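Think of it as A, B, C and D in the order they're written, each chain with its own count starting at 1.
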C-alpha cells in the first residue's frame, strides 16, 4: 500500500525498487505491460459502444428522412472536412512516431513528435471551431438557434445553392434537418470532447517526456495513449464519410 | 479458448517495434485513400456512393488498427478483443435497424 | 382478541368471495391464450417439482450422516444433453404457440368494426364511427370483431383489457391496433398499464360488453348527431382540402375516393397499402408520402389538427367510395360552420344518457 | 459432529493473525486511499448495504401504500417517486455492484492466485465514482426525487415530468462508469494475472461467471450512458431525437436502454450463479457436476444476452417480425440457465451434504430461480407476453430472479466468505433461522403477485380496484417477514465481528486458493505466488494436503 499516493493512471510508475515503474502486485514487468495494454483495449471497446448508440440513431434517421439529411449535409463544407481528416491522420502518424521514439529511447525526438501531435490536435479543433461557428451564424444549431430557411428556400443560401442547386424541401421534411444537425453536433461534439481530453493528456505527457519519464524503457503510458489517439482517429474516419460525403449525390 | 492465453505472460513479449518506414507508408496510404474517398463522392454512383465511402473508411480503419495500433503484431487476445468490439457494435446497429426496416413490411 | 378475530373473519370472507386465479375469459382469444398459459404453468410445475424432488431426495440420501464420503463424478454428457435438449424443445413449442397467438391478436380481420381510442394524460377517449365519444369507458357489442386503433397525444400509454387478454401500447405519433371479439356480456376493467406520469393509476375505465341489441340502443342514446366521417367531411371542407383533392382532371392532388385499402405507388417508387397509419402520416408528413405523378406541394398539417381531428379526416377518407361527396363539399364549404372542436357536444355529456360512464 | 463440515481451530488458543489486511494500516485515510482490493471490497460492502437499506425502506413504503386500494398513505406522485427511487437505487446501486464489487472484488485476485487486481487505482476510482453517483442519487431523492420509473421512458422523462431527471440520469451515468471499471479490471485480472498452473479450466466457477458478467458490463454499459446523455440533452437543449413531434422516435430510446438493461439483469444474476456453484460444491464435498457445461453456460448467457433486448418491447410498437426473432432468441438464452440448475442439482448426487446457512440460501436460490426463470419464459413467449407484461406478473418475475435469486446468492456468499473476510464465524443457528425466514417471507411477498398479475393488476399503480386487495395484503404481510429476514443478518453479522468464533484458515474445508491462506488474508494475499497443481474442487487433493500437514506437524 506504499504506493497509494501515486498518480492514478493505470501505468504511471511509482518510485521504488525493481525497474522503478513496476507495481508491487505484478510478477514481471512484461505482465504489467500486457495487463495495462489489454485494459486500454477494453476501455476502447466501451468507447466503440458509446459511439455505437449515436451511429445507430444516425442510420435510422437518415433512412427515415433521407431528403432532409441529404440537403442538410450539403451545408457542410467538404473542404474543411477533408483538411481535418488529413490533419487527424497526420497526427495519428506523428503519435505513432512518438511511440516509436519512446521505444527507441530518443527523448528529444519523442518530445518533438508529441508536440507535433499536440499542435495538429489543436489545428483540428480550430477547424472544427470554424465550422461550428459557421453553423451558429447560419442558425443551424438545433435547440438553441435553428432556422429551416436554407432548406425551404435554398436560393436564400447562395453559397451552397450554386454548388448543389437543391430543390426546396417541403416544410415537414425541412424540419427534420434539425435531427441531422443534432446528430452532427452530437457525434462531432463527442469526438471533439475526446480530442480535448486527449490534448490535455498530451500536454501532461510532453511535460513528463521532457523529464525523461518515457525514455527509460517504460513506454506503456505513451503506447496506451497512442491507442486512444488512434481510436479517436478511427471514429473520425467514419464520421467524415457519413456526415460529409455520402450525401453529396442524392 | 484455452490456447489463446494459457500462459499469461512470457514469450510473446519480445514486443515488435514497427519501423518508421512502415508508418510512413501507412500514412501515405491513408492520405491517398482520403483523397480517393473525396474524389469518389464527386462521382455519381447512385446507391454505391455510400457503399464505396464506407468501404474506404473500413479499409482506412483496418490500416490504422493493424499498423498504428500494432494489432497485426499483437496477441490473439488483442485481435479477439477488437473483433468482439466490432461484433457487439454490429449487433447493436444491425438488430436495431432490423426492427426499423421490418416495420415497413407490414401494417404494424 | 375478539376484535382481531372479526377483522380476520372479514378478511376471510373477502378472500373467499374474491378468490380467483385468473380473470374471466370474455373474448374469443382468451381461452386460447389461457391454454398456452396453463401449458406453461404445467411445464413450470413439472420442472419445479423435478428440481425440488432432486434436491430433497439427494439431500436426504446423501446427507453427511448417511453418506460420509462423497463420490467424485465428473459429469455426464448424456444427462447434460438431456436437460439441454428437452427444455430447448419445450421452449421452442412455447415460442411457436405464442407467436401464433401474437399474430392473431395483432392482425385484425378485414370486417372488424373500428373504434378509435386516444390516450392522453390521464384518460382514455374512445370515438365510435357513429360519432359517439366516451371517456374512460368503452361500449362494444359482443360476438363482433372490434378493432381498436390507438394513438397517444403525449406519452406512451398501454391499452389493456385483462378479461379479453389483449394489450397494446398507445404510441405518440403513430397508430397501433389490436382487436378482440367479446363473448360474454358484462363490465370489465380497462387499464393503462404503461407508466404515464402522476395519475397513471387513475387512468382506468370500464369496458361494457353488450348484446347487439343493447349496443344499438346505447348507440342511439348517445349519438352526437354527426358521425366521425361527417365531422371529417366538415374538416375536409374547412381546411380546403378539396382545393387540390377535387377529382377535376387538372387537380393538383390525387383523388381520394376508394383510396383506402388500395395499393399505391409513391413518388419514391415504394408500393404501400393505404391504411389508417398511412392516411395519418400523409396528412401530417405529406412530403414523405407523395403519390407517384404528383408534386410535393401539400403543406403539413402538423400542429394544426388535433388527434381527434385527424381521426375524423381518416374516417372520412376511409368511407369515401365515390367522388360525389368531395364534389359536394366543394359547393357547400361556405355553408358549413367551423368544424374542428365544434363538431359535437362535449364528449363527457355523450355517455351521460346511459349514466354508465365513470369519470 | 457428523452433520457439519465446519472445522474450527481450538478456540482457547486460536487468535486472529496479527498481520492481516485489516490491521496493516490504521486510520480513515489508509482506507480512503487504499489500493487493496480487499479493503475496497469492504468499502463497497458497507456502501451497498447502506443503499440496500434505503431501497428496502422505499420498498416497505410501497408495500404499505398498497395495503389499501386507495392511494391514502401518500399522494400518487409521491408513490411514483418512491417506486422510481426504489428501482433506481436497487438496480444501479445495489444489484449491479452487489456480488462483483464486494465478494468478487475481495476474492477474484485470490481465486486466480494474484496479489491484487490488475489495476488497483482504477478499482479505487470505481468506488469513488460509485459513491459520487450514490451521493448524487441521495441528493436527488432529498431534493424532490424523480418520477420516471427506473426505465426513464421517453417522451415521459424528456417532456412530461418536472422532476430531477437530469441529476438522476447523471447519477446513473456515473454509476455506470463505476461498473465499467470493475468489469474491465476483472477481465484484465482473469486474463493476465492467473498464477502459474492456473489454466482456464482450473478456475473456480465463480471466476467464470464473473468473467461473463464483466463482459456484459464493459460492452453494455456505454450504450446506457449514451442513451442517458441524449435524455439530458433532450431536456436541456431540446434536440428531438426522442421527440415524436420533431420526427424522432421515442422507441429508439428503449432500444438503447434495453440494449444495456437486458444484459444488466445477467450482470446481476451471473455472479450470483457463481456463488451458488462454489457453495453447492463445498457443502456437498463434490466437484460441480459438468464443470465445463456450467462454465460455458455462463459465457453463453453473456453472449446471447446481447441478442434479446427487444423482448421488453413486444407490445411497444416494434415490428412484429423483429418481435418474433427476439422471442426466439429469448428462448435460446433460457436454456443455459436450465442447464445450470440441473447441474447444481446433480452436484448433490452421491455427495456428502451438510446444511449450513450458505447451503440453505443456495437451496433457496435454486428453487426461487427456477420459478423466476420459468416465468421469464412466459414473458419471452410473444403470445402470453401480451397479457402478462406491464402487470404484477412481471414485477413478481423479476423479483424472483433479482431478490429470490440474486439476493439469496449474495447472502449465501456473504455467509460463506464471512469467515475469510473477518476471520470470525457468524452464529450458525440464528443465521439458519434468518435463511428460513427470508425464504418464507419472500414467497409470501412475491408469490401472490404472480396471481395479481395474471388477474391483470397493472404495475406502478398507487391505487387499484378493490378486488385485488386480498392478495396485496398477503404481499405486504410477507414483506414485513422479509424485512425481518434481512435485518437479522445485519445484527448478528455485526455481533460476530467481535464475538464470533475464530474461524481459522479453512472452516468449510473448501478447495479454493482463497481458503488456503490465513483469514483475514494478508494485504498481499499470498506470501509468495502460489502454484496451482490440481483441478478446481479437488477435494481429494485437499484431503491429502490435510493428511500431510498433520503428519508434518504431528
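By definition in this document, a residue touches a chain if its C-beta (ideal position, glycine included) is under 8 Å from a C-beta of that chain, and two chains touch if they have at least 3 such contacts.
Treat the numbers as computed from the prediction; the structure is a model and nothing was measured.
Enquirer: By number of C-beta pairs in contact, which two chains lead?
Expert: C-D
Enquirer: Which chain is in the middle, if each chain's centre is the mean of its C-alpha atoms?
Expert: Smallest offset from the overall C-alpha mean is found for D.
Enquirer: Would you kindly tell me how far, in whole Å, the mean C-alpha position of subunit C lies from that of subunit B?
Expert: Computed from C-alpha means, the inter-chain centre distance equals 45 Å.
Enquirer: Could you grab the centroid distance between subunit B and subunit D? Build each centroid from C-alpha atoms only and quote it in angstrom.
Expert: Each chain reduced to its C-alpha mean, subunit B and subunit D end up 35 Å apart.
Enquirer: Quick check: how many Å separate the C-alpha centres of subunit A and subunit B?
Expert: 16
Enquirer: Where in subunit A do residues touch at least two different other chains?
Expert: 27, 31, 34, 38, 42, 45, 48-49, 52-53, 56, 60, 64-65
Enquirer: Note the residues in subunit D that touch 2 or more other chains, in rising order.
Expert: Expected reply: 191-193, 219, 223, 247, 252, 255, 259, 317, 320.
Enquirer: Check each residue of subunit B and list the ones that touch at least two other chains.
Expert: 8-9, 77, 84-85, 88, 92, 96, 100-101, 108
Enquirer: Could you please specify the touching residues of subunit B with respect to subunit D in the complex?
Expert: Touching subunit D: residues 1-2, 5-6, 8-9, 77, 84-85, 88, 91-92, 95-96, 98-103, 105-106, 108 of subunit B.
Enquirer: Touching subunit A in the complex: which residues of subunit C?
Expert: Touching subunit A: residues 284-288, 296-300, 302 of subunit C.
Enquirer: In the complex, go through subunit D and note every residue touching subunit C.
Expert: For subunit D paired with subunit C, touching residues are 2-5, 71, 76-77, 79-80, 147, 149, 151, 153, 155-156, 159-161, 244-245, 247, 250-251, 284-287, 289-293, 314-317, 320, 323-324, 327-328, 331-332, 334-335, 338-339, 341-343, 345-346, 348-355, 363, 366-367, 370-371, 374-375, 377-378, 380-387, 389-391, 451, 454-456, 458-465, 467, 469-470, 473, 539-540.
Enquirer: Using the touch rule from the top, collect the residues of subunit D that touch subunit B in their complex.
Expert: It comes out as residues 191-194, 199-201, 215, 219, 223, 252, 255, 259, 306-307, 310, 317-322, 325.
Enquirer: Within their complex, state which residues of subunit A touch subunit C.
Expert: Spelled out, the residues of subunit A in touch with subunit C are 65, 67, 169-173.
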